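You will see two complexes here that share chain A, one where it goes with chain B and one where it goes with chain C.
This part shows the complex of A and B:
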């Protein structure tokens, strides 16, 4: 049960509860646990302020920071020696000491709290959780998320130049070796800890997990942390959710990664279907051709192809033109597709042209001797195609131009509209690419805080 | 599968279906040939045929 503080003006980090019975001069009292393997609780009085202190993990706990006066006590000494007196007022914690909550199916009690930082910068809170049957866990936060950590009993395997592997999972380096210190301590710990104590730390990450190395003058240890869902700690301990903000956490998985992958797969399937449909329904068939002989003097010549039977309710029609012999000349082409029964007219115009010459950079050519025009959704019926062609020469050029030309015009049923394919692919892929860009942006922001991001922009 | 993915899958299905229909019916918003709307002479011959000419 949480004890009663000796000074009612001070905040009670143990939370509201029943008062303890021990007085300032009472001896150390052991309260046995229910199970044989569980640690026993122990009660005694703070030698500095007289406040009643209960040790949750008696036999394991080495250091206790008094929750009333903040003094750090050595509980391995039978007389409970004061390691460090704390002068400031004890602060109120987000997770009060003594509070209990169920995380990942196990009930934990908050027994210790440390505030740590890199010489006052980048502070974070570290809570020590205890369960008599499962031991200790760490619950860390810097205000952006909660990470539940457990100390590893084996050293991770080195993988590559800088990374490590734990349980077959690779962890890439994120924060290089940094010196940090304990700024504030409260509650009980299974190791000796006091304000001002320094340690070297380095962190390695993979999505959702962080592997932390810590070395002090006493020991070196590895901790594997798992990022909790934002609502897990608030639900377990009944506290307010973190406000978050700022850069993503080093081990925060991109919320867009899975979505981006799924969207890309769906878009890929859709693209395959689009190409399949383009092959199935595209292309031309049954071409009919006519030739038009003309001089390149601007005089128009006409020719007719027909009858052309279109049997499907709606279909595309392709009219192609080819003038292989022209040079420094062009042929204007006007097509008129007329339904014999209804008199409906469909029209299009195009050009075939080719120019060539020689300049300081060598030979040059321009234009194309072939072209095609496509009619969309032409109804079933019997049609005639009228071709009006007019050839012209490039008179301004100093090069010889074709005087007479032959243009071959073909009409065929069907067409492949490449613009349709491109448009459909764009419409399908743009949302997937947009989510993928958001994923890359998230990852870029997450990695921007890393000491291994390539952009060395931080200093001590 | 999230709601967003379901919506996107439905969107892709809609686009693919639309493309299949357009391909089957020979439709394209970018087709060169258009139905003429001007006056026609006897026999359906279109009068005043225009269209771009090479300059």
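This part shows the complex of A and C:
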């Protein structure tokens, strides 16, 4: 049962804001427990405002900031003494002192609260949690997420120039040493807390975890914080979820990294499958070849290859042409694939050409002496291929008709449609690459607030 | 082994469990009683223990490095910014160690011969020198750092003890930490030879404790169920 706050118009005989050791003290009494259990708390009345205060971590607590008037009180001696006197409107906390919640299987009571900042900028809330069987934890938030921290008993080992290792896990530097101060304090603490007290902090991160160094005039401590899932604190303490926004937290794991890794794996498997299929089903059989002798004067010549047996229900057929001897000549090719039984006709045309010469920029060549045409989805059957070829030559500015050319035409069952494969591979990889780009962009936004930004090492 | 006697001050029963633990605090009159040969002598007295919510109490048992222990005494020490408990643990082989409880963290340390440290810093502290947090030394080939160094005062004590503690008795205590979670302490006190202790930080759970103190409003922890 929380005690009633004192009357707000209570006279303050010592004057507001004045601090000093002199003044009234107040005795502590143990709150009686039931049965044979040990008591859990001590009680006293604030020597400044008279409000009734309970100490939940008796024996550990050395400072209490009165939850009614905000005065800081020294409780190391049996008589509670005022360290710093305040008469302020005490603010309402998101997690009220005395509230309890279960985080990761352990019940915690909120016993202390501090508002800290770097001289007013980058403010954050720090709650002190207690359970007599598990000690203390820190619950921090700057509005973007909750981090549960525990003070380390081992000294983190320096790793490299700037990083540290704890439990075999590497932490990269994120915030360099900064001075910050306590702006506001409520509740009880196991160290001396006072508004305005300064400390130096530095932070190191890995995905999901933050290692914090803190040095005050009394001691140096390391805290290891774990970023909680957004629903954990709301579920445990019945508070509203944080609205967040802004940059990712320094230790926020990239939501895209795992996803993009998985997608890369899937895309890789799919690509391997596509390539395997292309090799298994797209490969060409031994080609049948014929040669056509052409006069390069535009007169059409014909040749026939066949019979060609196509056994699969549907298949690709490749017709290749090669004219190694031509120069400054082109050969128009028309292919007709005719089914002997049904008379169905499949047509394609192509060209082989080659030109060369000399101009202001030197020797030049153009064209290709070979080409290939593909028929796709040709049904099973017995086929003949008719090749109609007409050669032309261009010599010294006019058509020439003297030289003969030879074109070699071959037909093969099957075809590898490289463009299709490349298209398929792109389609398969695009989503993974998209997510990977989002991951990189997340990481660069996450690191943008770091004092060590520009260090682009990806930590795998 | 346990020997039952009567407090020379008030006549209440006091128990000595080991010849290595010649002192006891009378539970009734808080006298510090020391056994000298066959005789018992009141050396001084301690203040009543201030209330705390420590989960440990006399009678708590547990296991450390495969050996069973029982908590049979404690010293409560304080300094201007806080206080801590050193719980005396009697192992089944009648040796003892200290379960030191500070800010909800625990370390178990066992006294070692001072020379075994092979550390100049430890020797210097034992000989009367001061240490500063951050000082580095090597003990047993392992790096250690001074985590804190301070004068403390005995606030109170209870149960059996290896020496006759009285309220106001003061000690200079230096705590060392290590990257692997090991710990070491050097204690320099009035009228006693310096003490050197080594051990490591422990969680209560790993000690498999039984007979923890039951505290109103808090569920018994899973590790002690």
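As a convention for this text, the second predicted complex is superposed on the first by the 400 of 460 C-alpha atoms of A that agree within 3 Å, B and C clash if a C-alpha of one lies under 4 Å from a C-alpha of the other, contacts with A are read in each partner's own complex, and residues count from 1 in each chain.
Going forward, contacts are C-beta pairs under 8 Å (C-beta built on N, C-alpha and C of every residue); 3 or more make two chains touch, one makes a residue touch a chain.
The structure presented is a predicted model; accordingly, all values stated were derived computationally and were not measured.
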item	value
Chain B versus chain C as contact partner of A:156, first or second or both or neither	second
Chain B versus chain C as contact partner of A:136, first or second or both or neither	second
Partner chain(s) touched by A:192 [first = chain B, second = chain C, both, neither]	second
First (chain B), second (chain C), both or neither touched by A:119	neither
More chain A residues in contact [chain B versus chain C]	B
Touched partner set for A:42, first chain B, second chain C, both or neither	second
Chain A contact footprint on chain B (complex, rising order)	1-2, 4-5, 8-9, 11-13, 15-16, 18-20, 22-36, 40, 43-46, 49, 51-54
Chain A partner contacts - residues on chain C that touch it in the complex	50-55, 57, 78, 80-83, 85, 103-105, 107, 133-134, 145, 147-148, 177-181, 183, 201, 204, 212-222, 224
Interfacial residue positions of chain A with respect to chain B in the complex	259, 262-263, 266-267, 269-270, 273-274, 277-278, 280-282, 313-317, 319, 330, 332, 334-340, 342-351, 353, 373-378, 388, 392, 414-415, 417, 419-421, 423-424, 427-428, 431-432
Touch list for chain A against partner chain C, complex	28, 30, 33-34, 36-42, 56-60, 62, 76, 78, 105, 107, 130-136, 151, 153-157, 190-192, 218-220
